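By written order: A, B and C. Residues from 1 in each chain.
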Amino acid sequence: MNRSVERHRNVLDFALSSLLRRKGKNVSLWVVYTLIVSLIAAIVFYTHALKREAALILQGAPDIVVQKMVAGRHDLVPVGYVEKIAAIRGVRSVRPRLWGYYYDAATGANYTLMASDDPLPGPGAADIGSGVARTLHLTEGDFLPIRATDGTPTLFQVRKVLPYASELASSDLILLSEGDLRALFDFPRGFATDLAVTVGNPAERPTIAAKIAGQFPDSRPILNSEILRTYDSIFDWRGGMMVVMLGVAVLAFVIFAWDKATGLSAEERREIGILKSVGWETGDVLLLKFWEGAAISLAAFLCGTILAYIQVFFLSASLFEPALKGWSVLYPRFKLVPDVDPYQLAVLFFLTVVPYTVATIIPSWRAATVDPDAAMRS
Amino acid sequence: MQEASRIVVDRFQLTDLCLFTEARYTRHPSMADLHSAFQDHPMALEHFPSGSLVSPPRFRRDRP
Amino acid sequence: MIALHDVTKSFHSGKANPFTAIRNISLTIAPARLTVLKGPSGSGKTTLLTLIGCMARPTSGRIVLSGNGISGFPGGEEIRELDITSLPERFLAGIRRATFGFIFQHFNLLRGITVLENVMLPAYPTGERHGEIRKRAEELLALFDVARHANSRVDLLSGGETQRVAIARALINRPSVIVADEPTAHLDTDLSREFMEIVGSFKSDGKTVLIASHDPLVCESPRVDTVVEMRDGRILRSGSVP
C-alpha cells in the first residue's frame, strides 16, 4: 500500500516537472480551462442559489390567486366573485388585489403599482421600493410624479422607502392607497386585478382551486405550488442565452482538448522511449500521462470553482449583470445567500476532470506500449 | 436579506421576485398568461433578453 | 550468472522483411566479471544485449538467471535461479529494473530536466520514498564527481560529464549487472580510459559487467575477462582472456 502511494507521489512529481518544462503552453492551457470552468460554475452556482431563494421567499405568496380570463387574456376580475368564493368550504379569506404596471417615460423604467392595505396617512402618500428610490433619486418626504390614464400628472409624497434588504421582492414597487390607484388607472368600480385566496389547510388547495374553476369557468386559479414551480424553470438550459453559453464553453473545451487528442510530438515520443528503456513499464508511463492531464484539469476545476464562488456570492454576479439586466432600466441589487448543490458540483468535477484526463491518456497509449529496446536501437 | 424579502412577500401577498423589469411577463412570470409573450402578434419572436432566461410557466404546458 | 541456451531472435517474421538477428546462441556470462561482445555492427551484439537485459524475449531458446544478484521479484523473495524466457511482462520489467543497469550509446538522458532528476528517474516506479531516492542519487553524483551539476540541465554538460551522469543513472537501483552498448563510441581516448577505470570499480564491487563494443581500447583492455566474438548473429569464438 505504502509503495503504491510512493509510486504515485514519484510519478506525480515527475509529471509536474514535465508540465513545468513546457511552462508557457501548459500555463495558458490551464488559464483558458480555468476561465471556462469558472463561467460554467458561476452559472450553476447563480441559478441554484437564486432558485433556492425564490423557493424560500415565495412561500408566503398567496395560497391561490384567481384571475379572470377573456379570450385567453388576463382581464379584470369582478369583486362580486369574492363572496361566492369565500363561501366555499375550506376557504379562510378572499382579498381582492389591485395592481398593475406603470411605464415611466422619463426614465424608461417599468414599475409595479400596488394598492397597499398597510394604511397610508391619506391620499397622495406612497411607499416605494428601494429600486424606485434609486432610479428616481427619491428619499422620504420627496415627491413622486405619476401620470394618470388621462395624462394628468399627480404628485405623491413618499412616506417610506421599503428596506433595501427586501430588494429582491420589492425593488420596483410603488404602494398607494386603493382610492388613489383606482383614480389613477381609472379602474372600473367593482373590479380588481385578481383575488388572493387564503385556504385553511394547504392540502386542500388543489381541490378548492378545482371548485373555483368549476364555479367560474372563465377564471384561472393559480396555486402557490405553481407559482413556486415557475421559478424552478428559470435559467433552464434550453433557454436561448443558456444554450449559447453552454455551447460556447463546450466548443472552447473541444478546441483545446483537440490539441491533446491528436497525438504526441516526436520529442514526447522519444522521452517515453527513454523512460521505458530505463525501467518504466507501460503502466508507469500511462500513470504519468494520467497525472499530467489530471493535474491541469484538477487545478482548473479548483481555481475555476473558487473564482466562480467569489464572483457569484461576493461580487453579486456582477459579470452576469449586463446579460440579466437586458433592457430593464431598474435592476434589483441583492446578495445571494451562498449555497452550493453538492450534486451539481460533483457533476461539474466529473465533466471537468475526466474527459480532459482521458484525452491526455488515450493518444499516449500507442507510444507507451513501445518496446523497451527501441531506445537501444535509435 | 432573505428574511426581509419574506416579510414583504407575506405582508403584501406578492407572487414574484423582482428580477426582470423589462416586460410584464418577465416581471411576473407566474401570473403571465399565454397571451403576454405574444403580445405583439402570434408569431412574435422573443425580443426581450430576459425572455430567453424565463421560460413559460410550466403549468401552461401541462394543463389541458 | 546468466546462461543462454540455444537462443534465436527473429524480427518481422511473416511480414515483408523477415530478419534473424541471432541464431542458436548458447553462452554463459560469468558473475562479477567483465565480458565483452565484440563484432562489427549488424553482428547481433545489441540484440543479444537486449535479450540478456530482459528488454526483449527470444523467439526460441531459454535464458536463465542464477546466483545471488537477482532482485526485483515481487514479494521480495530470494530467487536463486530464474528462467526469464516466458515470464510475464510485469515481472520481467520489475526484475530488469532491479537487476540491470543500462548505459546507452547515445546516453539517452532526458533533455530539459536536471541532472539529479535524470539520475532519479529509473527509481520512481519502484515505490521507494522520494527522499531516499534523492539521497542515493546525490551520493552517486558525488561519487562520479559531478555533484556540482546536480541542478543543471543535461544539455549544458560536456561529453565526459554526460557519460558519468549516464553511469550514475545506471546505478540508481543498485543493480548487480551493468550492461553497456558501445559506451566509448563518442568518447576520446582519455575519457575512454576513464570509463574503463570506472568499469574496474564495478568489478571490485562484485558487479557483473557486459559491454558490446568494437573499440580496441575496450576489447583489449587488461580488465576484460571474457571476449565473445560475433558475426552475422553467431558466435565465432568465445574465450577468457588470460
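The definition used in the following text is that contacts are C-beta pairs under 8 Å (C-beta built on N, C-alpha and C of every residue); 3 or more make two chains touch, one makes a residue touch a chain.
Note that the structure is predicted; figures quoted are calculated from it, not measured.
Between the interfaces A-B and A-C, more contacting C-beta pairs are found at A-B.
The chain with its Cα centre farthest from the Cα centre of chain A is C. Rounded to whole angstrom units, the spacing between the C-alpha centres of chain B and chain C is 77. Our note on geometry: chain A versus chain B, Cα centroid distance of 15 Å, whole angstroms. Centroid to centroid, with C-alpha atoms defining each point, chain A and chain C lie 64 Å apart.
Chain B meets chain A in the complex at residues 1-24, 26-31, 33-36, 46, 48-50, 52-55, 57-59. Considering their complex, residues 2-7, 9-11, 13-14, 17-18, 21, 271, 274-275, 277-282, 284, 371-373, 375-378 of chain A touch chain C. Chain A contributes residues 50, 53-54, 56-62, 65, 67, 69, 72-74, 95, 97, 101, 109-112, 114, 116, 118, 129, 131, 162-163, 165-173, 175, 194, 196, 220, 222, 226-227, 229-236, 238-242, 323-324, 326-332, 334-335, 337 to its touches with chain B in the complex. Residues 46, 49-50, 55-56, 89-90, 93, 96-97, 102, 104-106, 108-110, 112-113, 117, 121-130, 133, 169, 173, 181 of chain C touch chain A in their complex.
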